[in-house]
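Quick notes on the structure that follows.
Chain nomenclature is as follows: A, B, C and D, assigned in order of appearance, with residue numbering initiated at 1 for each chain independently.
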């Protein structure tokens, strides 16, 4: 998908709204119009109107519907599509968010003149993890290795976004008990997998020194974090699946990417500065995709004042924090098509979150 | 409370956070420190951490708790406190909002030199409405009259915020049936009362010409609206209770007020412009209070793209829209102590909403 | 599917739990074991773990997943499966309900000896309705006609359950306006379609005299109702799709069906009496399927005492009423595999609901 | 309140519905009619229409409103009322439950002839617990001691219900850390306090042998449980407050009490057997109060089939389990005035729950 050698590559992206989780019309239209070719699609990243929790079946519905498009157009089985294309759907379009999908494709670049650094992306996989490795340095190191491998393969010199589906290897009851008795209780849950994945990204990009990390530092020292990670963890997955987005001078096309990190969910100035760097204004048609993480500050306080997201037993704090970050981001971009997913352990500082924008170069 | 004659008045305001709906410690502290005198308090406007709906009992708890403070300090009964001081609590602190209260007081101004226009406020009441008047021109006209009366009494030359508890006179089943048969079905519910109250404010301020209005225009022509109204309606209330906030050259003190209207819930630039006019920046300690209305655009679309607030059967659109406007407003102000209440018929354009800020003058 | 002529038919049913809306393993197992033949399946009726509201996508996911089973096994397109097999999924497994599916099949009866009345079922369709017919006598009459046709075709002499997907024909804005001006506002929404469908069943079974009905009686006189209807209405559907379950002396097999109606949601004695008539006890392995409707009493009162299902703005009354009826029904049956769907206009008395049980004959 | 010596006592109870958490009209009416005397009231146990969670302020509102009644009628301060009368409100009236209160009073019995065992009740307190004692045998033992003391004082020979507000002593961060390092992490949270309180009741009543218990058995061996406990735990409370309800041959009056335990939430037969023992039928006017605990089976399974209460991220399992047990109980009693509170560690078997009924003797 990201051939090495002398073929110059370029990325393309098409963003389309959906009328429901299974609405593939926008993708079909992109294929019909020639804006995208089915064979060049590398990944789909989309928001669906579910609750983002355990009983959110909108993601499964979307995967099923979009997979069928590729099955039919490429003559593949569902398993083959899964192998070939990352279908990454995140539930939760609280507040202003328009359910939408961004399809990314990689193809040979017909252009020859170098254009300056351009968006480059590639897909990778970690090795399979054993249950006792999840949430520990083994996961951090292997995640860093896999990211570096993709970045190197794609000629990415600056990483801006690492979209990950984090592994959570299942364990037997006996294994769980044994680990507990050995004083090294298993960490194979979503919190730990997201945390270790983010630190893996931080090591790969050099934001955190490998030497500063240890098993005991994970989920303890929140001053260590990545500003490019975006990880959701998935029980039962043994290998972390990842897409690295960055810039490469060797790629063509018209897309560029940059990122920032919010110090807290009200940090609009960080968004403004990022937009200024990219030269985009509110409502700018050059904007192609916006990605962010969100977290209700676990300390229960924002700018020195109490918030109630964590003490509300009617509505989950995950829904509130997505709603907040999406509203702040969309109000700066003048565009409600923003991707915000929640839970952000070691993704930016405590209560903060990474944001990445993909835009068409001027 | 707003004596005419030669005594120059000034307004004061104290804002304090609460740890729960019945937490009166902030108010007590303001009295203890001398920042406020119990006898000069005119109204309390606060946000409580309820759902803002029918089964939100946080408002009643807050009213009960704060009333008791005044009962004890002023030697009054609960009924006398209710007569004397407007206790206006709104449920719903979704997302970033800090539960908080702003207490406004009016007192003689010891200063003598004119200071330029200052915040002036006064309380008023409409006459009692009959059920068939609610939501019709009778309510519009009487509301306009009551607002004008307060503004005149207080020397307010520019109105910036009209906080109203709108009347919804109860009707017997027979009266309801009779009205229906007469082809003039009763409108005595929250939607119509808010709408007529807002149009009353629009007439009082001259934003809408009286001649443009008629019974059939209410809740029909959304191009007619107030930019200063903030009305909640309350079943069983026969008279609309209102507090008019504006500016007067005849008042002293250090507070000023200004307002704007959002064209939609993402309209951060309108907030920025208002802040610029008032000379406040993000995180500015001069900010004393921020008030807004919110509404999930009833057309289901925002900037041309679908939103899902109206088709979510798990969480009410009222909660989403408050969360969104509060996040946008707080992200510009750098302050999560914002008052946002929902449902905004004829309060700004469809899908938009009024915003008012009270700040300390430089 | 229900051949006439001299071939004696029998019905079969297989009930299986699901681990999620797309879990087809139980159906596949029934096919593998020979308990059912794919070609003989007439309908699937199932509960999925969604919210049962507008943003419940579990039904679509289930339909998609189960359709694919038949597509593959019978070599059909999705459209052909839809034409051939009723896939009826209802969201909402609040409280004790196990997400589960009942597959009904009709096949030639190898047995020859008459066995006494047995479960007979058949599928039917009304003609397409125009928008102005929905919720009026045109819908009632055509629904009654279609039910009668199926019952006659299947030799059903007593109807016990009419499972319907009620039509809601879409209308243009102009048509809507025209109807309003003509003083006959359109009724093309879910409430009216369910109401007219239920009254259609009541007419077909003779529970309500046709002469007692008129457009103005629908959704007005709640003393008129069906005890066998179970209708969900679906916007955009122009023809009502229905499955009639009853008993016929001409059918074989081992299944029988009977029904009752709850006078209110606490009416456990009605369930006990129905169980006694069928000779089933709590936990009886002879029980094959249990179907019920539910409704939070719209008067806000139950046995003379207030309930809070209608004034709760956090959780919909539809979720509460399903939870309640399912708990009461499951506690009598000793079995949490119960199908309860909500909203019950003219389905039993106000605040009550029909219940039907399918059991294996002794 | 429960004088020893030769004065024969009797209990009285009045049950009344409320129109909201602060509706004291039913209590006032009981005082006006002479059904109760304010000075003889020992405790109020009520259900309010909140969510039963952290942001449920209906309990505080009810306590405040009912306390004021006693303050006024008895000339006491709020603190004195709190000292004298147990005001026990539980949030959550999901489904059929009518918000209601039962007021229990104890007074000299004017009757002289012995009547057979009658309801006797008394209030008690444990000593203050240190944080490290919560959830351990120290709490179990002291709770058992306090219950025994009350039972002895009141001449209770069979205990049927122990209503407890369980202590959760606060701890400093240092204390917490020290305990963790010592390998005895603090258990000062709601789960552990409820568990230890229930086991205290089990020891007091002899249902569980003291010798079968140890720190490590708590929250581990679910086969050990009380059938009379009903404990809610309250952070910050240092002493467990408890009301023991039982029968005594030395008491007069017309009330009797009995209890049972549900093996799971569908165990209607246990309720039927209890009703038979007490001679009450559905809708019986002799019924005075019904109390139960509830729990969504933590194993995710009910009668061998999956339930979805624990995997729903929209609605808490506490709300579902209360809704279910209340529906089952009310459907047997023919009465929606049932008190069900949730979370039932060591309160009956796993997934089951205690039920107690108070009725007027025949």
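Simple rule for what comes next: contacts are C-beta pairs under 8 Å (C-beta built on N, C-alpha and C of every residue); 3 or more make two chains touch, one makes a residue touch a chain.
Just so it is clear, the model here is predicted, and its values are computed rather than measured.
The chain with its Cα centroid farthest from the Cα centroid of chain C is B. Between A-B and B-D, more contacting C-beta pairs join the chains of A-B. Separating the centre of chain A from that of chain D, both taken as means of CA atoms, is a distance of 49 Å.
For the pair chain B and chain D, the distance between C-alpha centroids works out to 43 Å.
Averaged C-alpha coordinates put the centre of chain A at 41 Å from the centre of chain B. Along chain A, residues 49, 51, 55, 308, 311-312, 314 each make contact with two or more other chains. On the side of chain D, the complex with chain B involves touching residues 20-22, 49-50, 55, 57-58, 60-61, 64-65, 314. Chain C meets chain B in the complex at residues 51-56, 308, 311-314, 316. On the chain A side of its complex with chain B, the touching residues are 17, 19, 49, 51, 93-100, 265-269, 282-283, 302-303, 305-309, 311-312, 314-315, 319-321, 323-325, 327-328, 330-332, 334-337.
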